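One chain, chain A, appears in both complexes that follow, with chain B as partner in the first and chain C in the second.
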Partner chain A sequence: MPMYGDLGNKLVQHAKRTQNLAHLPPYQTELIRAVTREVRDLDKDVASLLEPFQGSFDPSADQATACTLLVNHLSMRRNKRCLLAYHRTRTDKLEELVWNGSDVLDLAGQQAGGANGAPAADGGASSSLSPQEEDYVRQYGDLLAAYKGQWTDIDLTGSLEPPRDLFIDVRVLKDAGEIQTEYGAINLTKNSQFYVRHGDVERLIAQGYLQKLG
Partner chain B sequence: MDIDDILREVDPIFHDIPQEQRDLQDLTRAWVAEKSAPELLPWPANGLFERINANIKTQIERVEELTGDMDPKTNFALIVIQTELERYRYLVRSYLRARLAKIDRHALHYLSTDALRARLSGAELAYATRHQALLHNHYLSSFLSSFPAGLQNLNDSAAGISMIETPDLESAVFIRLLRDAPVEGRGVDADGAMDGRESDIVILRWSDAKPLVEAGTAELV
Partner chain C sequence: MSYYDIDLILTDAEKIPCTFQLDIPDLGYLDNTPTQPLKAGTKVNLPLWLAEMLAIANAGDAEGRSFVTFDLPPALGNDVVQALKADPRAVPLRDQSAHFYGLATQMMELSEEQELAAALRKTFVIRASEVALHARKVGGAGQRGKGGADEGSNLGVGGAGEEFLRGLDEWERKLFRKAHDGTKSGKEWMESIKKH
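And now, the complex of A and B:
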């Protein structure tokens, strides 16, 4: 028979695993529901335990009941912590993806479809994100755009590596079309190499179109 | 008394340093400090970032003006300006991101009192408030709304443990003394004290270093 908190523990393990993964594993809808249900059941137990006392419960008179209440109480809080930790770990990951400029919603759909060969092995969901998470990503994207908008000249999402050279050698890994630079247009076709201004192609390097050489 | 005053005392030609150069110094100092301090430091209130933004804008315009010119001399100047500009931008970006990382990590803490809120810039405050609202909403719609009403708060402090995490003010930092001063630090087994000399570099707890840094006696490195 499963113990109180077993499910919560599973969530934490999922969260821990997520921290070290490059992508976001599927949202554990069933598990979340089960943990939430456990909290509600515990809450009901507490209410029914206390009912006969009509608000005049004395812990020292009935220590067995007091102990049950305490365990229930702590289990509920622990479950809440587990749920919060799980969701926060995932939102942190999602925010990181938004900062990197990747199209999170698109990416999540691809992963769920392609990663395990059979599309959507876990219950027909087409994305590894929950609908709420998809909303969150959209809203966070807007929020970030608003904050960035006040620093247009800085490019806040740019590289956090200190700049070394103004110009760098890059090799084109995927066709990226034509880009405009101060020195005219460059046509980025696969396998070609260019000597370009770092700032002009930073985004393309981050997105995996170009590779920095040297 | 802050660092400017001290510099003025020891260095009478300090006033001759142009504002731009001083701003760059201030920015660099703020950046280093923000990167090493475990908690969020106050946003510089003296209009530093308005000036920096204006400077960057001017330089960008300058670059655009010079770009058309084919004279090799201007071309060289152009590269120097652009390199400088990239570095300037990096400093600002890295500084802002370091702050934002701290704010994201302990948003509820920094929003909890007016004194802490005052450390954030207007834009940061708006960002933190909205971000926290988004998170709370996300928790609510994901699971919290089906919780018993008494358990829906995010700021409980049951059994003496607050749900709101705070930065660790006891973590270690390196400081450089800007003038002779006694330095006291608390240790695990015993406390330590020393007569610090100017330009000494000391490692100690941030909570011990903070008064020195705020008084301008030391800077973070």
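And now, the complex of A and C:
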């Protein structure tokens, strides 16, 4: 027999699994909808329970109704907590991904669209993020860029490991176009290999365009 | 302790046995009989998030009764506590509840069971040192067992150890992971120092 709050619990179990994953699993649109529907139903129940009292409900005069109201209220409160915790777990993860410099929107599209590497150009319907989450990532990315912009001589999202060598070998995993370096322009086409300055390509490695060799 | 704490929210879903103190026409569904009123004296297992407030809230009558009274869940029942007193390491807490300590802490806040609290404290202390021991061994075996990975993990954990680790509750699991990762990182750091 399903009970109020059971669906919310399922959502939190999803969140628990998400915590231990490197990537972000698909947004549980259906479940979210079901939980919010449950809250609306409960709210309707409360309204109809209170209607005969015309705004002058006395809990001590009608304890049974008071108890029903309390149960309804607690169920709504529980659902709210489950919903918020689920979304918070996901936004925490998204923020982490943004700080790590991974291309979150591209990544999400790829995961859902299979391994053929097609970017999410089909309106994001196959993305593992909800439209709101995509918006969140975009705006959080802008915020981080603005914050970083205040210090031009230090890269806040750069690696904390001091480099062993100034130059490294990299292989190109995805076409990344042309980049400008101190030693001229390099055209990064897929499967080619380069010996480049670490600092010049650090971001591209983090974003998954290049792979460090050796 | 956070509103958004996933483990805390899951702990709150653990059920405890409750007894309703008054007839409530609309809550029959809690006892699987949606069409019938819930009679006073009905026993129902309710999740903590619901039971807690129903037990604390005053029903509003002269005697100051609450809507429900509750008992300790089976996970904290006499059998389990006796077994824990005999040997805390021999009881797979996970089989009682995945959030054993979380559940126990919540129950302690609702009722003062001095003896139970003392038994649980002792249980945690004894088991925690065992957890730490295993966490160190697993890391060590991984280093030694370069030739055969299977042999290595057997050396470290052993049959009885594996059984014990399987019975850890969520809190103990976290402890194990922290202790294990700590040992591993420490070792890695030492080795990187030697290299340079």
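Going forward, the second predicted complex is superposed on the first by the 147 of 214 C-alpha atoms of A that agree within 3 Å, B and C clash if a C-alpha of one lies under 4 Å from a C-alpha of the other, contacts with A are read in each partner's own complex, and residues count from 1 in each chain.
Keep in mind that, in the parts below, contacts are C-beta pairs under 8 Å (C-beta built on N, C-alpha and C of every residue); 3 or more make two chains touch, one makes a residue touch a chain.
Predicted model only: the values in this text are computed from it and were never measured.
Contacts of A:K16 after superposition: chain C is touched, whereas chain B is not reached. In the superposition on chain A, A:S130 makes contact with chain B only, while chain C stays out of contact range. Applying the stated contact rule after C-alpha superposition, one finds that A:G5 touches chain C and leaves chain B untouched. By the touch criterion defined above, A:L160 reaches chain B but does not reach chain C. The wider contact with chain A, measured as residues touched, comes from B rather than the other of chain B and chain C. Of the two partner chains placed by the overlay, only chain B lies in contact with A:Y147; chain C stays clear of it.
Of the two partner chains, chain B is the only one that A:T36 touches; chain C does not reach it.
Of the two partner chains placed by the overlay, chain B and chain C both lie in contact with A:L84. Taken together, the two complexes place residues 84, 88 of chain A in contact with chain B and also with chain C. Within the complex formed with chain A, the residues of chain B that make contact are 53, 56-57, 60, 67, 79, 82-83, 86-87, 89-90, 92-94, 96-97, 104, 123, 126-127, 130-131, 134-135, 138-139, 141-144, 146-148, 151, 154, 158. Within the complex formed with chain B, the residues of chain A that make contact are 32, 35-36, 39-40, 43, 76-77, 80, 83-84, 87-88, 91, 95, 130, 132-133, 135-136, 139-140, 143, 146-147, 150-151, 153-156, 158-160, 162-163, 166, 182, 197-199. Put simply, chain A touches chain C in their complex at residues 1, 3, 5, 9, 12-13, 15-16, 19, 49, 59-60, 63-68, 70-71, 74-75, 78, 81-82, 84-85, 88-89. Listing the residues of chain C that touch chain A in their complex gives 3-7, 9-10, 12-13, 22-27, 29-30, 32, 47, 49-50, 53-54, 57, 59-61, 67.
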